[in-house]
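Chain naming follows the written order as A, B, C, D, E and F, and within any one chain the residues start at number 1.
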Amino acid sequence: MAGMAPRTRFRHMHTTPAHSTFNQPMSADHMPRAGGIASFMRLPVQDNTQGLDACFVGVPLDVGVSNRSGARLGPRQIRTESVVVRPCHPVSRAAPYSCLSVADVGDIAMNIFNLPEACRHISERYKELLEGSCIPLTMGGDHTITYPILQAIKSRHGRVGLVHIDAHGDVSDSMLGAKVTHGTPFRRALEEDLIDPNATVQIGLRGSCYTTDANDWQIEQGFMVVPGHECWHRSLTPVMQEVREKLGNRPVYLSFDIDAIDPGFCPGTGTPEIGGLTPIQALEIIRGCHGLNLVGCDLVEVSPPYDFEGTTALTAANLLFEMLCVLPGVKTKA
Amino acid sequence: MAGMAPRTRFRHMHTTPAHSTFNQPMSADHMPRAGGIASFMRLPVQDNTQGLDACFVGVPLDVGVSNRSGARLGPRQIRTESVVVRPCHPVSRAAPYSCLSVADVGDIAMNIFNLPEACRHISERYKELLEGSCIPLTMGGDHTITYPILQAIKSRHGRVGLVHIDAHGDVSDSMLGAKVTHGTPFRRALEEDLIDPNATVQIGLRGSCYTTDANDWQIEQGFMVVPGHECWHRSLTPVMQEVREKLGNRPVYLSFDIDAIDPGFCPGTGTPEIGGLTPIQALEIIRGCHGLNLVGCDLVEVSPPYDFEGTTALTAANLLFEMLCVLPGVKTKA
Amino acid sequence: MAGMAPRTRFRHMHTTPAHSTFNQPMSADHMPRAGGIASFMRLPVQDNTQGLDACFVGVPLDVGVSNRSGARLGPRQIRTESVVVRPCHPVSRAAPYSCLSVADVGDIAMNIFNLPEACRHISERYKELLEGSCIPLTMGGDHTITYPILQAIKSRHGRVGLVHIDAHGDVSDSMLGAKVTHGTPFRRALEEDLIDPNATVQIGLRGSCYTTDANDWQIEQGFMVVPGHECWHRSLTPVMQEVREKLGNRPVYLSFDIDAIDPGFCPGTGTPEIGGLTPIQALEIIRGCHGLNLVGCDLVEVSPPYDFEGTTALTAANLLFEMLCVLPGVKTKA
Amino acid sequence: MAGMAPRTRFRHMHTTPAHSTFNQPMSADHMPRAGGIASFMRLPVQDNTQGLDACFVGVPLDVGVSNRSGARLGPRQIRTESVVVRPCHPVSRAAPYSCLSVADVGDIAMNIFNLPEACRHISERYKELLEGSCIPLTMGGDHTITYPILQAIKSRHGRVGLVHIDAHGDVSDSMLGAKVTHGTPFRRALEEDLIDPNATVQIGLRGSCYTTDANDWQIEQGFMVVPGHECWHRSLTPVMQEVREKLGNRPVYLSFDIDAIDPGFCPGTGTPEIGGLTPIQALEIIRGCHGLNLVGCDLVEVSPPYDFEGTTALTAANLLFEMLCVLPGVKTKA
Amino acid sequence: MAGMAPRTRFRHMHTTPAHSTFNQPMSADHMPRAGGIASFMRLPVQDNTQGLDACFVGVPLDVGVSNRSGARLGPRQIRTESVVVRPCHPVSRAAPYSCLSVADVGDIAMNIFNLPEACRHISERYKELLEGSCIPLTMGGDHTITYPILQAIKSRHGRVGLVHIDAHGDVSDSMLGAKVTHGTPFRRALEEDLIDPNATVQIGLRGSCYTTDANDWQIEQGFMVVPGHECWHRSLTPVMQEVREKLGNRPVYLSFDIDAIDPGFCPGTGTPEIGGLTPIQALEIIRGCHGLNLVGCDLVEVSPPYDFEGTTALTAANLLFEMLCVLPGVKTKA
Amino acid sequence: MAGMAPRTRFRHMHTTPAHSTFNQPMSADHMPRAGGIASFMRLPVQDNTQGLDACFVGVPLDVGVSNRSGARLGPRQIRTESVVVRPCHPVSRAAPYSCLSVADVGDIAMNIFNLPEACRHISERYKELLEGSCIPLTMGGDHTITYPILQAIKSRHGRVGLVHIDAHGDVSDSMLGAKVTHGTPFRRALEEDLIDPNATVQIGLRGSCYTTDANDWQIEQGFMVVPGHECWHRSLTPVMQEVREKLGNRPVYLSFDIDAIDPGFCPGTGTPEIGGLTPIQALEIIRGCHGLNLVGCDLVEVSPPYDFEGTTALTAANLLFEMLCVLPGVKTKA
């Protein structure tokens, strides 16, 4: 019997099985999980988006943070933890690597000592990545990066709707005198008409405030705001039904700040706020994006020096995979 | 345009803006959060309570703990993490620093090598702090300290009601032969008539017990006991309604042992018990104290050596700020 | 008065009070919790199961893990954290050490460099431990160990029912070409008729999958599967009612993989999956086993190198005590 | 060949091989190192010193510390790390377990909430342990414990010589008003004539001082003081030659505070001072005690919460084994 | 006897004893070390340098780092660890607080999102601090800050000599296109004539290089360079004799990058290089500065997120105290 | 001026500059160090050794360890920390990437659940890697792997000389009954004539022993043994002179177990022994291999779960780069 048993084929590098049209993550049945160069899910790496439907890309920047730094190491740590993510979805039964051509396109090179210049580098590089029809799934990096990404998104898709999951509104006008920081991206985005305020949703906002009119500004602009305390003790699946109805089929960008999740689950972030979302609610949110016309997604503010067991980066890796599973073009069976 | 822009005023020290009557925390828009001497919320420090409505004060003691030590470092770590707390409340819209005169009055000096003597030092110092109408918000330190604090409270306010949030009842008669430890404060307090048993509420009690009659003693004394397992899967807002009705407008002391919260969220404590409160429930409890006649509050048993990411101390800092926001005299808009 | 006071009797070693028939854990009122040799709950240690109704036993093995190793240190760390567990149950009021004769019988010696041989050593040793009527409560070690334990269980009790709590089904046919790993024990167990598929329940399964037919195989075999996402936002007490009805009074083995619990609570494990059970649900599950005819239990996959604050091992220690409290023969008062 | 190979005998518990007169540590060739109840070196445990030439004993006390607490967990952690220590010495070729009858006698039970009373408990228990001719090798606990141990030593051996390795002189008159703390043991010992000042050696003293006359007091009493900076860049073997000549064959107590070693090597301690001894110098010191008439030894101030990789406890375990190897009656081959 | 004993005076705040002319650190005999607001050595805090001979000041900046961030938290962590430093020197017997008026003047406020602007803020603030005759002892922050500090130093003292202890030369022309980073301060300083190349000494340089002509540029400029490997296995006291002879009595600035010290001792830094100085050599260097005409000192690049046991910050605190002890005007007895 | 400035060329992926013949590591001046897929030194990755003079390769195996596991994650962590290593040597001025064609060839795929089978997989894969003239620089993985590597080395180069740096001799005959473990590789290698005992050198051996005849066996076989205590307080440069003379120009394999280095510097390993080599001595050893005819090198036993600050992996990355710098064909200028 042993002689007949199909022998495990060990593969040392990223190779796509003959029967597959698309890139496949390196399989844990061919290479131990502790092995293999740590690209996202041990996918093949390429330096452009030619032929890709979606790509994972990192932005190793943290000079936009106001409190604890460390998010520059986020992309590398998310890739490291992503090696345990398997290629199929347990509930929707989506098999995204059978539907889409996906690769890891590495990280954005930039001048990290000059934040505005770094933003220009990010924006330029994203314009290149967006030249085809590729959807970027970004690993941050601090939340500043969403601003230049949205600039590039606009040049490709026009003004977009926004689903923004975060503990903070990130709509400050300035911080310590600076206009571009991780606390201001959506203020800048709105000013530059990168996002449609009437198609912008913010979920999870909470925590002590600078003033007593917290979130009033966003509501005045037309944002839909679901503050953190309205999420307590409940499923967010119904909220996402509302969100889908509100956003319809316009192009939508999804920006997920890991600090939306409670620091009990995801301590590895720079500005933690207690009383946050559970990972279960995070899954409900992303799964609830199925059907939206997503044109880009990011997962930001993972700070590995504060993530001792890797759970924050692991959560990020799973959420990025969940985002991939709800991209347009991915079929589900459930 | 740039020339006209109002320039950020950087402030190097605690200074109160001209237009304000009260002390203000150092603003994160004037000093980066990583900067500034770490008093609680970077408030001004003074060595007495003259002119203060409330004060933050630390008791760096941990020789009363029976299991893991480390709580002596609690006050310093809570102050460190408090630098990210902002001055306004996100839900009630309270702005406590516009209503109350508040400062950090430093720590209690005491002989930490002799627990009964340390208790006397604590009691004496609190009597001084209570000479005016100041409400102390105490950062522990182990739970032993609530006993001498209540002694001082009684000398100022008489016997008080008690809201006690904890994984443990802390009503042992003795431990290893000692009468004063972190497991006995409320037994001693009752014996000395410091608290009114019919106005005493304990929430969150749980965990394995020495005997099969756990909590029976307290119930016999007249305490209202809400054990941990009765808090599962629910909001505690209704419980707090009951508590407010029970306690009325008598003077009440609030004692919050961080181990009431599940160690998944707050691991940094000496005697963790699984199956505990969520930080959300902790917020509901403190917010539910709005309307009580609070005369003192404490947050104890934060043990920084077991708090790797600082989440426990951060939670403590937020809960202390939440306590400040429900003190008598703080106006809310919500 | 002092002269009359009953003096605390300090005990330096495991001694059973004169009035007790059974072994007792070393009391925290006789020895500080930081003291005493760390057997489980500081119980007496013996090298066989003669005269015992139940025993705690460790299997320090982790060469069956596919991702992060470290579980070999699980038994020692669980013992270390168990010193804070007290002898009575807070809700059922069970006092297991008044009902059962229990000891810690140490660890299984085995050749950890050869997994199949180690499995033989485990199986042989468990047959010895099972010679009387002793119920083993096992501290893992990785999940591979449940396979040889079930072999021994079958030789003593015949085919058993199974309550299996886990993030993963552990029914792979092979991993990297190996038939015996921590991903295959229940496949092997079914093939060898160690468990009855129609009396097998799996709770908590979740996480990304190798294929789109996740869990279909088990359902085809007759397993009752309660996937993780069906456990969200709810009590599991009703599920356990169903489980008890299904299993009746046949002999049942309980296997609890700590990764069933969300890594926010229990990060110290090798293959964490987000969106898992809460410790509260874990307690509901084990308490819900009261009434089952349990013939053996295990708690596996605690990996101390990823358990910085000890919360995972502490959870494991508590869950093992909870298992003891629902063994046949333990009386409850609630 | 395989069939003939002598089979490894796996042993599950502490058993002494038939050919041995004395207790043996559990062998790593019979039980994996991760297994076995963690007594010191996995030695047999007994509750008295009858028939023993030497014993390992723990004192889980840390309420005498002035800075970072945690040393109460020292004995348990030293035992945990001791499982990797093997039974023979690599240089002297000593085989202490062939020469001496040794066991782990567990920990001292005491009232940890009252430091003077705890000292009385320690002293009383050591008198019992010393009733035969057993030499205690103590695992601390903070340095306060050496004071009551020396009281017991005196009652058995009279006034002794002292080899004291430490970053601090520990001869303060009082701390925060207390006479008995970890900073005062040798002042008290001298006052009570427990040690002979002319046969007292202190090695490694260093660090900033309260006054400018540091160490002058000890020198006035007749102590030999080798300050830390005189140990820099050199072997301490010649110093130990001097020490042996000075102490002759009188009974000598060896007290080793782990903070004597530089915190780069041993960070897990409460009052670290930079510029300390290397572990190599520590080995030279203890090996240099060969030939002294040692009647007791301790290794104190290991604080596991600050010992992330376990290196401090591992060092302590090795140094305790080295102490065993130089006890009177242990033969060497080198 | 007890009645006569001078009672310990507990002091809750910074108060200078009546007999002292100068500020004193809070004493550990008046306040437990775990207590007291954590200014440097618990010195009084003031917001200007009026009347001061020396001040401790923090610069919480890390956006100039090229590898691991975190140094922004350095000043706070150094202050935290400094609470264990005592006021007198163990070898020179210096008592700096009897000779100099010293305070902690808090941190520099600045726009941390714009590195060149932050540098302007630093330079401006230091000019204020230098208006009297105060010598600033700076806690970094990344090494970028030495550049604007030297600009201020020049405006007060003219071009200075430099003693620069570091693993890296920090004389790059640019990094990622930026001229001002933590890798370029001394290139900029030389270009702006802030330092005299013939009175500049670099000690400890090591680690892999971008090109094969490492350190050649500095030597061409006239720097004295003592590379790391020339420091191996030796005392640096003779080197400092040379340094003192070379620098004479001109004004000298001392800049100490903690990464000069081997990461085995000081892991908490952003760009560690193996094979570095020992803390003993660091002490020899600073003690060897006694006699130099120091006009300013800094200790930079402490990154607390990588300093688990606090040893790096503790080392920094001690080295800053050692710097204070060699300032002009501090008398020694040795 | 700005317009004329040569613009930094940001490169997003591994690209070799036009003027270079050989692969170059990704430059920190083109991509921030936190960015880029973490191959060794961010070198290009390829799946065979065609055209290569040397390659970095990982073996993510730890089932051969007897104490603490975790070394399976060594290759990934070494790659992560290697991103800070720069391409030129600071002392020899070697520029290996100008002399040799080098790539990272990824990790060995194998059945990690069956140690003997894994060894066969390793041996087979190394035979492929060795088909050209490529010299493999291996990142372990536990020390078991050197045995199958040496099997492959023999098939390509015949019996070799060995320079083995380790705390342990690794010449046990068996462990727990197993013949192939991390404690036996050189026993097996000698039995299979893979190494020449008269050209075998072991440096750094130390630590407690199973028997009193430690290292005698090796000396009987003809090994040159330099035990750890003979390395204390000295440079190892003279020893390496002896080693070079002894080994001449025969093919030599270099095997470096990171536990040779003292755990104060490199705690991240499974079987630490105190009193070890310093990183400085490690550098002296490897630099002292210049001139040997090295045909393969490995660096094993890095266990990331015990390497909190990454210093152990950083040391490993540097030592691997140092090994590259002494390979035959690398020119030096010093």
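Some points to look at:
One rule holds for everything that comes next: contacts are C-beta pairs under 8 Å (C-beta built on N, C-alpha and C of every residue); 3 or more make two chains touch, one makes a residue touch a chain.
All values reported here derive from a predicted model rather than from experimental measurement.
The chain pair from A-B, B-E or B-D that repeats the D-F interface, sharing more than half of its contact pairs by residue number, is A-B. Farthest from chain C, judged by the mean position of CA atoms in each chain, is E. Work out the mean CA point of chain A and of chain E, and you get 41 Å between them.
Mean C-alpha positions place chain A and chain F at a centre distance of 37 Å. Averaging C-alpha coordinates per chain places the centre of chain B 54 Å away from that of chain F. In chain D, the residues that touch at least two other chains are 8, 10, 30, 32, 34, 66, 68, 72-73, 110-112, 175-177, 262, 264, 306, 308. Chain contacts in this assembly follow no simple pattern; the graph is neither a line, a ring, a star nor complete. Under the contact rule stated at the top, the pairs of chains that touch are A-B, A-C, A-E, A-F, B-C, B-D, B-E, C-D, C-F, D-E, D-F, E-F. Of all residues in chain F, those touching chain C in their complex are 62-64, 66, 68-70, 72-73, 110-115, 117, 175-178, 180-181, 305-306.
Residues 8, 10-13, 15, 30-32, 34-39, 45, 47, 58, 60-62, 72-73, 75-76, 79-80, 104-112, 121, 125 of chain B touch chain E in their complex. Here chain E touches chain D in the complex through residues 7-8, 10, 27-30, 32-34, 84-91, 93-95, 234-235, 262, 264-266, 278-280, 283, 308-311, 314-315, 318, 321, 333, going by the rule given at the top. Looking at the complex, you find that chain D touches chain E at residues 66-68, 174-177, 205-214, 227, 229, 232-233, 262-264, 267-268, 271-275, 306-308.
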